[in-house]
Every structure is written in C-alpha cells, then in structure tokens.
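We call the chains A, B, C, D and E, going by the order they appear; numbering starts again at 1 in every chain.
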Amino acid sequence: MKDGLFQVEAGSQEDVMVLNMGPSHPAMHGTVRMVLTLDGETVVKCDPEIGYLHRGFEKQCESATWTQVFPYTDRLNYVSPMLNNFGYAHAVEKLLEIEITDRAKYIRTIMGEVSRLSDHLTSIGAGALELAAMSAFLYAIEGRDLLWDLHEEISGARLTVSYARIGGLKADLTEEFEERWNAVEPRIYEILGRLDRLMTKNRVFLDRMQGTGAISAEDAIDFGFTGPCLRSAGVAYDVRKDHPYFAYDRVDFDVPVGSTGDNYDRYMVRLLEAYQSMRIIRQCLNDLPDGPVNVDVPSVVLPEKDTVYNTIEGMINHFKIIFEGIQVPAGEVYSYTEAGNGELGFYIVSNGTGNPWKLRVRPPCFYMMGGIDRMVEGGMIADIIPTFDTINMIGGEIDR
Amino acid sequence: MPTATINGKEVTVPRGTAIIRAAAMLGINVPHFCYHPALSAPANCRMCLVEVEKARKLEPACYLKVTDGMVVHTESEKVVAARQAVLEFILINHPVDCPICDQAGECKLQDYYMAYDAKPSRLTTGKVGKVKVYPIGPEVVYDGERCILCTRCVRFCDQITGTSELTVVDRGDRSEIRTFPGRELDNPYSMNVTDICPVGALTTRDFRFKCRVWLMTSTDSICTGCARGCSVHLDHYLGETQRYRPRFNPEVNEYWMCDEGRLSYKRLNANRSGALRVGERDDLSWPRAARMIAGALADAQLQPDQIAFVASADASTEALVAGHEYALNILRAGRFYWTGRADGEGDAFLRCADRNPNRAGLVHSFGEQILERGADRLLKDLKSGGIRALFMMSSALPFGREAVEELAAEARKLDIFILATSHAGSLSSAATVSLPVAKHSEQTGTWVNIDGVAQTVDAAYAPPGVAIADWDVYRRLAAGADAEWPLDSVDAIHARIFSDEAAE
Amino acid sequence: MAVTVTKIPRPDRSLWVQSYVPEVMRGLSITSKQFFKNLFTKKDVVTIQYPEVKRDYPERYRGLHRLMYRDDGQVRCVACMCCSTACPANCIHIEAAEHDDTSIEKYPAVFVIDELRCIVCGMCVEACPCDAIRMDSGIHTHPFYERDTAFFDKPALLELGGPSVAHQGGDMKGVQGHH
Amino acid sequence: MSKKVVTAVKKKFKAAVLDTHSRLGDETIILDRSALHEVCEFLKHQPKMEFNMLMDVTAVDYLNREPRFEVVYHLYSLTQKHRLRLRVPLEESDPVVPTLTDVWRAANWGEREVWDMYGIRFEGHPDLRRILLYAEFEGHPLRKDYPIQRSQPRMDLRRKERDSVEEYRTMHRDRAADSDRSAT
Amino acid sequence: MLTDILLILLKIVAVVLLFAMPIGSLMTLLGDRKQSSMIQNRVGPNRARLSIIPGLGRLPLVGIPHFLADGLKMIFKEDAIPDGADRTWHNIVPAMALFPAIVMWAVIPFHDHYCTGEIVVQNYRDICVEGQTRNFFSIANLDAGLLYVFAISGVSVYGAAIAGWASNAKYSLIGGLRSSAQMISYEVSMALSVAGAILIYGTLNLNEMVVQQGHLIGGWLPMWGIVVQPLAFFIFLGAMMAETKRAPFDMPEGESEIVAGYFTEFSSMKFAVIQLSEYVATVFVGALIATIFLGGWQVPYLYGDGFHFGNTPTAALELPYWAVIALRIGAFSFKTIFILWLQFMLRWTLPRFRYDQVMNLGWKIFLPLSLANLVITAFVVAIL
C-alpha cells in the first residue's frame, strides 16, 4: 500500500481513515460531499459539504421581475415544485397585502398536497432504493408519475410547473381534473398500501431504520429542524396547523408525530402524512368553491387575453406589468409555508420596484443538513444512507 | 410672494407661478400632457385639473397662478375622478398600438392609466381611424391615431424654433397635426418634438423600431457633436448607444438639442475597434505592449525635435492632461500639434460652428499657442521631413478622405507612428502601434464647452475588446517605460485639473 | 384549530417480526403477485414504448414554440419584445423592422429562439399581446446534435404555427383611415 | 402576543433597541450589535417568550445606505407560537457581529452562509468557512456591488485538503488526555 | 483412456458451456432485468432486437439481444486501471473470481449414472442389472463431493478480497474487507446446516444423496432434503446467498453505500467476468440447493423404468429410459431455475442488511440454529 494514499494499520485506536463520500456518489443525491472519518466502519466524524449545485438563486432573483422568479422557485425543491411556487406567491401577496380568492386557496391547497404527496413518495421510495429494495422505489415512482401527470394536466409541465402567479394562479383547474383525481386516488392508495406492507414490518427494514440516525427533540429544535424531521422527534409543529394558510383551516387532517426521531419515525411520518394529504385533497375537491382564480387587482394580475387584444386599456395594463413587473410596495416580509421538508420561509425585501431587492429562501433541509453530522456520528457508514434519505435533502433547495 | 397650501403643505412662490410649478417645488407631481415648462400653457388636455378650495369647479394647475392663501388638493377624490374621466376620454380613440409603438415604456398614457384609472373602457362603438405612418418631416414620423392633440409640438415650433411649420387641422375627433401646405417639419431642431410628445404620435425615423425603451439603460452624458456640449441622456443596450435624448441643463441646453448632435451618437458605434496592435502582433497584453513601445522609442534614440505629439480637441480634459504629462516627461516630444473636426454651420440657439467638444480643455492643457499648429501644419511638417516619431491621440481630422490618405501615406514613412484610436480606418492601419481607447460613453471624462461650462460624465458601458480609457493608456505606457507617473487615477487627474483652475 | 396529533406506533418485535420469514413471505407475495400478473397479462405495466407509442400531451402542455400567422399568411408577431422581456432565460432574440403595409407597420425581421436555452416556463406566451407565440405545438423539444440547430428561426417557428383565430385590435379594422 | 415581547425587550434593553416596527404582522426589533447576544439569551430563556428556534439567519445589503448591511434573524417559539425578527445594522467598514452559535446551534450553518454570501464575519463562530462556494472564491456574491455576470478566475488543483485524520487525531489525543486526567 | 479424457472434456464443455455459463449469463438478463421489470410494472429490455426468422422483422426476444449487445460492448470498453493499483493482481483477479465458480460445477450430478443394462427398481432405487453404470451426467463423481464444494467455495473469497485490495481505492478496499469477513463467516453455518442432511443420507457424494432422496416416506412423501431438514433448507439458502454476495446480503458491493464495493474500479471485460462469476455462482447455488434439498434430478414417483406409486417393483406407467433421463434432467434444470427465481425475487423484495447485522445473523442466529438442527437431527437419526 502506498504511503499517504491511505493507511490501514492494525491495532491502534487512533488509526482512522478518511473517506470522501461524494460529491459523486450513488447515494448522495443532489451532489453532496461528506468527508467521513472512519474507524473501521464506524463514523467518528462527519463534515458535510454542500454547494455543488449552487446556482445563485438569490442573486438571480434580484435581477428578475417578481413574476420571473416563479420558474426559479420550481427548481428549489424540484420534487414538489408547486409548494415552492405557492410559498413564494404567498410571501409576495403578504407584502402586497392581497387576499387571494377562495377558489385559488382551495386549488393551491389541492395542488400543494399533490406535490407534497410526490415529495413523500419520492422520499420513501428513494429510501427503499438505497436500502436496495428496488421494487418499492419503482412502485413509489409510479405513484409519483401519476401525480405529475396531474401537474402536467393543469400546468403544462410535470416538474417545472410555474403554476402560481402573484394574486392567484396561471390557470384554473381543468374540467377533467376531478375525474382524473378520482382515477388516480385508488391507485395511490394501493401503492401506499403496497409500500406499507413491503416495508413497515419487515425486520430487515426495521433493523436498518430503527434506532439509526436518531435525534432528540431538543437537538432537533436547536438545529432548526422543521417538518417531518421535527415531527418525528415528537414535536407537533406543522405550519399548516399552527399558522393555517390557504384552505388548511377549513379541512380536517391529523399530524402524525413520532417519538424517537430515528429513521423509522421519519419514514412513518412521511407515510402517514401521505395518507393525510389524500384526505385533504378529497375534502378540498368536495368543497371546491366556484369563482375566479385571480384577484381583481389590475396592477398585479395580467388582464384577460381578449381584453389585451381588443382594448387599449387592457393592452396598457398588460404592457405595464410585463415590462415593469408588478410594483410591490417597499418593505420587508417573512412568510412561511409548510413545504415537503418543513417550513419553507421567504424573507423578501422590496424597494418598491419591479424586482425584489432581496429574496431569501429559508430552505428547510439546509438547517437539517446542518445537524446531520450529529445524527450520523457514532453510527456506521451504512446508517448514513437511510439517515441522509429520510432527511430528504434536495440539492436544488439546499444549494439554491 | 403669495403663499399657498398644497396637499396640506405650505409653499411660497414668486408671483405668477402656476400651481403645477408650485406643486413641483414640494415634490408633488401633477399629471399633465399638454403642459411643458418651456412652453406656454394652453390647458387643453385637462389632465392637470386640481381642486382649489372655494373654486366652483376643478382648475387646470398648469394655467392657474398661485394666489395668496390658496388651498389646493391634487389627489382628492374629485380630482382623481376627473383624471379617470379625462383618461377614459383620451383612450376612446386611442389605437391598440402598444406593441408597435416606440413610446411604449415611456408613455405618459400608460403611466397615468396604471396610476389612476386601470379600469376597462365603457366604449362600445368603434374607434375613429386616422392617418398612420405619416412622414411629417425628414426625421420625424407622425401617427394621427395615437395623437392626443396636446399641441406641444405646435407650440415648440412656434415658440422655440420660431419656424411655425405645424398646426392642427380639422375639428373634433378628426383633428390631426399637420404641416402648413408646402412645408415640412425640417428645422434643425425638429426631433425635439418627439421628446416632448407625451405619447407615441411623433417618433424619430432614426430610433424607430430600433430598441424597446424599457430594455435600455440611461446614463447621464453629453453630446460631443459640437462645442456646445449639450447634456443628454445616453440610452444604451447591450454595450451600444441607441440614442441621445436632451437632458435638462439650464446652463447649457435647457430642454433641447439639435438634430445633428442627436444623431452624432452613431459615431460611437461605427467601425469600433478594440484590438491592440504593435507591429504585426495583435495578441499582446497591455503591459507587454507598453514595454515594447518604450523599448522601441528608446532604441530609436530620437531627439525631442524629431518627436511630435498630436493632441485632440475631441478628447476629454483628463486625457489631454495625462497626454500632456506623457508627451513632456516620457515621450519627450518637441513638437506639438492638434487636430479636430473642421468648423461647420452654427446658429444663435444651440449649434456652434466649432464642432470640437473640448477645444477649451485642449487650450487648458497645452496652452493657447498649440492652436496655431493644426492638422494642415502637421501634414506640411511631415512632408518636409524632420519628424521621425509621431504620437497621435484619437481624433477626427478636419479634412476629406484624400487628405487623410495623404497623411496616412506620410505617416507610413515614419520610424514610429503610435496611434491611440477608437476606430479602425486607414490611419490606424498605417500606424506602427495602434492602441485601442474608449469613447466618451465608455470612460469618465470632463468636457469644457464653448461657454466654459465643464461637465464630467461617467462611463455608460464597458469599451469593446481590450480598449481602455485615454488617461489609462498613458499610465500604462509610463509603467512600460518604468517611469514615475503621478496621475494614476481619475481622482489624481481631477486634483491636478481643478487645482490648476484654482491657481488661475 | 386544535392540532390533532396521531402518535406513530412503534412495531413490537414479536417473533412474527423477528423470525424474518413471515414478513419476507408477505413481501414475496406482493412482488410475486405483480410478477405473475405482468408475466401473463401485462395489466399493470405502465411503461410507454416511446418512439412507437406516444403519450398524448394534455392541452396545456408546453412544448416547442410556434409562431402564428395572419389570415394572409404573414407572421402575426409585431416585434413588441414583450416575450423577450418576460423570458427569464433570455432566449428570444428579435430584430424589428418596418413593414410596407402601414396597417401592420412593424414586423420581426429576425425572430430566433434558442430552444436549448429555453426553460419552457411559458412566460412568453403569457406576455404576448398579439397571440403570436404559442407553446401548444404538442411537440417537446427534441435533442440536438449540434448547437446551431437549436436556434429556431422565423421560418422554422412559422412552420409549426397555424392561423391565429384571435380577434384583435378592437373594432379598428372596420374603420377606414383617411390617409 | 409578540407585541408584548417587543415591549419587554424595549424596556429591558433600552439603549440597544434602535427601532421597532410591526408591519404586516411581523414584529421587528432593530438592535445594536453590542446587545445582540444578551438579547437572544434573554429571548430564548425568558418564560412567556421561549424563542427556542432560530428559523433563519440572513443579511441584506442596502447599497448606498448608511449603515450598509443588516443581519436579519428570524426567531420562533414552538411553545408560544410567536415570531420575532431581529435586525442588526452593520457599517460597511466593520461588518462583524457576535455569533449566536452558542445560543442556537442552527446559527452555525446560517452564519456560515451569511459569511459566504455577504462577507459578514461572526465573532466567536467555531467554524466560519464558506459553505455554498469553494474556499478560493473571490468576493461575496450577494453583495450588491458584485456584478451578476462576473466570472471567477480559474483555480489550481488543490494539492491537499484539510487533513481530517490529523484533526481526528488531535481530537482523540485531547479526549485521551481528558480521560487520563479524570482517571487520576 | 483417451475416450475417458474425451468424455470428461465433453462433459466439461457440456456443463460449463451449455448449462452453467448460459444460464448464469442469461440470468443477468432474465433475472435481473426481465424479472425485475415484471415485478416493477415495467417492460424491461426490449430495444436491442434481432431478426432471426426473415420476414418476421426484428424481434425483442425477451431481451436476449441485449445480453449479446452488452457482451459486445464490454469487449470494446476501455479497461481502466486506477493510478497506483497493483496491475498484476488487478488483471488476474477476474479469473480468480470466475475459476472457483466454474470448478464447483464438477460435482453436480445432472442425472444418475447411465445404466447400459436393464433397470430394476427396488426400494425406491434404480438398480442396474446385467450392465455397467457409466458416469455420463456429472463431471466427477466424487465421494467427498460436498467437501469439495466447501473447499472450493472457501477459495472464492480471494477473488473479492484481492479485487478490493488491488484497486487502490477506499471503497474497493471496504468492499473487499466486507466480502472476506462475510464469506468466511457464512461458510460455518453453511457447512453446519447441511451436516444434518449428511447425517440423514449418510454420504457426502452428491449423486448418492440424490438417489436417496428418491425414497418415499410412508410410501408417498419424497424424502427430499427440504422435507427432512426444513430449517436447514432456510439456513442453507440464506448462507449460500450470503456466500455468493447476493441481495439482501450484497454488502460487499452495496451500491448505495460503497459505490460498487470491490469491483468499483473494474471496467470492460474484467468487470464482465467478475459479474459473470457472480452469476455462475448464483446458478450453482440453485443447483446445489436443488441437489441437496429438492431431490436433485429426482422426479417424484419416477424411477428408471417409469412411474411407481408406492414401493412396487413394476412401474405403474412405463417409460423408455431416454424419456426418464430427459424428464429428470428437465426436473433438475427446473429446480435450479426455481431456486434462482426465488433468489431474484428475494433480491427485488428485500432491503439490504447492514454489515454488522449480517455478521450478527451469521454468528448469532444461523450458527446456533444450525448447531441445534444438527444436534436434533443426530438424535433423531440415532433413535431411528
């Protein structure tokens, strides 16, 4: 063995090996690098390194109009793009002091939950995949594809939806949407059931998940965990419940909460939340009110195309919004919504022009990655895999 | 000195001041179309109606003079309702033209509609069609449908140029702007009407469809077309100047500029060269090139009398000061010449016969006597021999193409011919060394106009290729010669210029 | 609203679980059910055999751009630059020019979309005030073997396009101008 | 609810509170940096406040304004369900704030990102490295005077990175020494 | 003498090239790809196509052309050897991995010895009268057949361990270490679990074992290994899967943890050979389990002269000898493939163990269980 490349000497406690896990590694989705110091297979030190997917999101947003930010937000947590869209729209609406229409609220709730389902399915499936249970992964992905078909149906794209608009939505639901959902619903239930039966009680799976990557509630709070990861540690914090927005105060759903904060709890939180999302969508579809999807504020919402084509008033309105951008009053706002991974915050500073002066995203998994070393140190290399997965770090979101 | 209260704030103004001016003093903008501070106020657009307490109806702010104790509201409910009504009326016959209208983006109608009305029209009848793309003058195109008949253009021709080409013809909703029979809008200041037109009715042929205004960035600059040095807004997009618009400067040009100057921006874009060439090599870096130039000058072992330096009346004062320093202490030139554009036609308003923007700066840097040694003299001296090395600043030449070729032919015979230039041409291909320099839109510079008004402007965009600011050229050449150089920043040069002035 | 919390059950490690076999059997029952089902009926197979079978894109699907034309076959676009302004990726290049027909006045002499740079967000369609550009061609952006071929110019975009039926310009058309 | 918090902080740290506002329901305290640490300790541990979560750390660059920078903290209380924003203005010439890593560990990565993006230093931070960008990056990109199109110089291959084995050994030695001490 | 050598060569060719290798490599395709696609609601490989019968167009042939295309591709891929690797060992290692996997096949009986004379069935055994028995259906009829298997499988650990070591890469090294630890550990329970079977059948000769499994308990229940040693069957299956590093015991390659384990740094044909050896070993596991626990080439109630229901001297349904041989070889192949199918089903169903859990399973569960199994079997055998 050549000296300096790596050393494996017997006997001494001190002899450890450094292993670069990533950035190019099958399990480090979204290119993350973990500099591991290993004692045998035990991780004694973990130094996560992120930023390989940094795209200058916040810098770009500062030179985009308020509307042009939407395509960028699609690419934050790219597994649940709708939630980012809505989170951002919600923040700007808060700054503009606009209350969106009831129908828009319900549609946002529905599509947000569809996105959340796809996020949870991905997390569960990818976790299974990385534990080598390939079939479970593909079942989950099949379910996710059905959900993305719905994305495509109403927004025109599966992933880069750009569906929300400030003051409402790009378009109403299609007429067939409810029919489509009725067809998809039983299949998603079937897939969730299949995943549950394949894994939840399987001892191989339990051994891998239980007791690994655990974090206490105090630590989780201290590190700024939110979402399923915080709830798995036993803290029932869900923005949808604690600070309801959209139509969440009008639907009935439960918040699954774990007790130990280990991988198994995180997996279960996601699985059970998926069922809750199904419930929410069904309720919203049943109570979906009629009416417009966009608010009646001409300075914010683009006029109808017919008006643009045929009247100078509509044309002027259209032009002003396109070339100047929406004029958002100067001020600052912090708005928070529950994204797939936890509290997705937008801190926006406007100087009263068509571009944001500062647009900060609080990516939920950023703070969770900040605590991951605490969760994997002392465990084995193999434990990093389910831990990293149940945290559900999304590269686009953490690196922006 | 009457004192009035506008929107709750008191203001004291000279007698005879219109409410709109008084409001402007308080920073309150009263929307208007027909009113222009340099023109008379006909109060025909009715957009500036404001509520004056104790008056029976709303009053035009552009026309009504402030009287003592007047209480004015410019944003009251009544006023806003009136503005909405005015806008609705104006828009009744306005075509759906924003996509093809050059004014879109800086159009008052758009601004006010979004600010005050933003309501759909109640109009159900068709719009009145009028003339489109009407060539009202050689530089200006008229669109009758977009015109709101504010008559600013008519008043401009009456009151500013005194040429009176324009008038309103027809009545009611068929009214249009026209020239008097047999005439054209062809005075040397005709393009100003497009600036003052609040909508897209009058547009310039030059800028027509060239670039959308919202895409451009505007930088405050000056026009270098003549010694007047009118203040302009230099609008540029993607590193290219798209147009000049006059910028209000009461000391120089007020609100106006001449057509010739307005079109002089074209020189900034034509034939630009950003390549640095020494001999046959054009892949050199500035430090390397500077060392080679210094080496070549040292090797040639020239007497001061064999070295000539040609200053330019086009260049900024910074460039001239730095050039002077370089010529005296590093180049050690013994002969000084100057070049610049030949005189043209002038008039009593803005246009100067002297077409060089900085003759004053030239005199300031090189002294009065240099004016006697112009381009003709340079050509003559070159022909008579004696000059072996020539350094020439970027400049226009006062004579025609043939004479330029002649000069180039003479320059080819020299041992060393260094040309600092921003354009590619026969002279630059004749040069042994061609140094790329920035235009005035690309560097910080101070220009002194015919009346001695100095204006400092900043770079609007980056120069092409490896071109750099004039003063920086001399700094780098000095560094190449390992010489001491006191003027290593714009600030240092400014310190020298303004301390000189203080000493005088 | 009170937070309704469900506590997640921790599975008890009974012999049933601990002995591996029953749960493995259960897992096998799921996978082998799918296996035999698909072996004999292909009922659950969701794969679409792409080049031979094509999925129908929904009506709102954003695909390749297309330029619409007027009744007389001329390009509908008037080069107002709204789309290139709204484009977050800066992928639309337009050069405007003057049209001989004064009723059209302005048209795009050059209209190029860099389809590789395009992020398919649909902002251009939303921004178009003339119904000139659409993304409903139902064709997705195909791979390009050379960079140059990704630039779709006006003829290429018009080829995908169709006549626009949108009524435009208010009642302007009915009224004759008096030139 | 959180209005009371603002009032209490104002009362207790009169000198350090520069301003407060509550636009759009976001309670905001603008603080002098000297009291930041103390105020945060107070906010975290005071009953009825219990800001046990640091939601986010970020900064804003108000170019051409004095003071130019502002570090912004968003706090949340899981027990009281209220939020608070702290803003700490900083001069361009001296962009330093005390770290909050010892109050909330979440501040660790948040502050690293602010350092990375704005070049604001956090005094006492245990590991103030760049986080999203690489160590050799020149400048701080979210500053308003960093042009969006600017490109970075090409960097050389790194010969050797931080030696984690060495770090671990030191750690291990210290730990061994500690246990030796406690044994004797 | 010469004919013997020729016969052995013929048998080697037949077993290795007609059975082990084709099934082994086809499994890469059918098991790994086609079977998984069926489980996962996909179509699986069907893009590479061949035109075999003119006029029928190009057919996907359940993906077999993919296998050919892959082989072709592998040959032309670059053989990358990491900087600082031990080139000699790096080059030798694939052969070292393949060698034991193939050599083990020597003792697998595909059928009973060929009888040149007449067959009389007595007490569930074929007895060859008036003729010789010829060993046509296994390469070598070793009396210590099972020991030979254990011995050779002990050698196979070197392939993985050295592959990991010779690559000069950390992931490979971890993979190599994991595989050596795992393979050595599982050999213990593997050997102990079949010890019960050895006690019952009283032989180490695999063919003899199979012959004995033709016995019918109570006249109807075949005395297959799985019937008399059910626990040992599960342990042996698990241990053999661990031995061949198949999922869920694929720690040494665990792609989500250590990229690809010991063969991370192998490419082109070298990679293909390592893969192939793994699959050949997998097929061997099928064959061995079929031999020991599923009655090998035995078809229930079928003996040399036809079907017997009960301990009768004459067949209830007489069959010609060639048909019997064909049925039995078919049965053996079917059983082997069934075990293979089962292994792949498990692979696509179960998550992977963790490294220490595998060791626990081996030492703390399989070992005591197989010991207990052995003791109980010993008692029972002694009593009977």
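Note that in this section a residue touches a chain if its C-beta (ideal position, glycine included) is under 8 Å from a C-beta of that chain, and two chains touch if they have at least 3 such contacts.
Worth saying up front: this structure is predicted, and the values here are computed from it rather than measured.
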Going chain by chain, each one touching the next, work out the least steps from subunit B to subunit E. 2
Quickly list, by label, the chains bordering both subunit A and subunit D. none
Would you indicate which pair of chains has the most C-beta pairs in contact? A-C
Per-chain CA centroid nearest to the all-protein CA mean: A
Of all chains present, which has the mean Cα position farthest from that of subunit B? E
Between subunit B and subunit C, tell me the centre distance in angstrom, where each centre is the average of that chain's C-alpha atoms. 45
Cα centroid separation, subunit A vs subunit E, in Å, comes to 46
How far is the middle of subunit A from the middle of subunit B, if each middle is the mean of its Cα atoms, in Å? 52
Whole-Å distance, subunit D centre to subunit E centre, using C-alpha means? 61
Two or more other chains are touched by the subunit C residues 24, 27, 30-31, 34, 46, 82, 85, 129-130, 168-170
At least two partner chains per residue is the criterion; list those residues in subunit B. 95-96, 98-99, 104, 212, 214
Chain pairs in mutual contact under the definition given at the outset: A-B, A-C, A-D, A-E, B-C, C-E
Name, in rising order, each residue of subunit A that touches subunit B in their complex. 298-299, 307, 309-320, 323-324
Subunit C partner, complex, touching residues on subunit E are 35, 37-43, 46, 234, 345-346, 348-350
Given the complex with subunit D, which residues does subunit A contribute to the contact? 13-14, 16-18, 35, 37, 44-45, 47, 50-51, 54, 56, 58-60, 62-63, 94-95, 97, 219, 221-224, 235, 237, 242-243, 331-334, 336, 343, 345, 347, 349, 357-358, 360, 362, 366-367, 369-371, 399-400
Mind listing the subunit E positions that touch subunit A in their complex? 36, 39-42, 84, 168, 170-171, 173-174, 247-248, 250, 254-259, 348-357
Spell out the part of subunit C that touches subunit E in their complex, as residue ranges. 21, 24, 27-28, 30-32, 34-35, 38-39, 44-47, 49
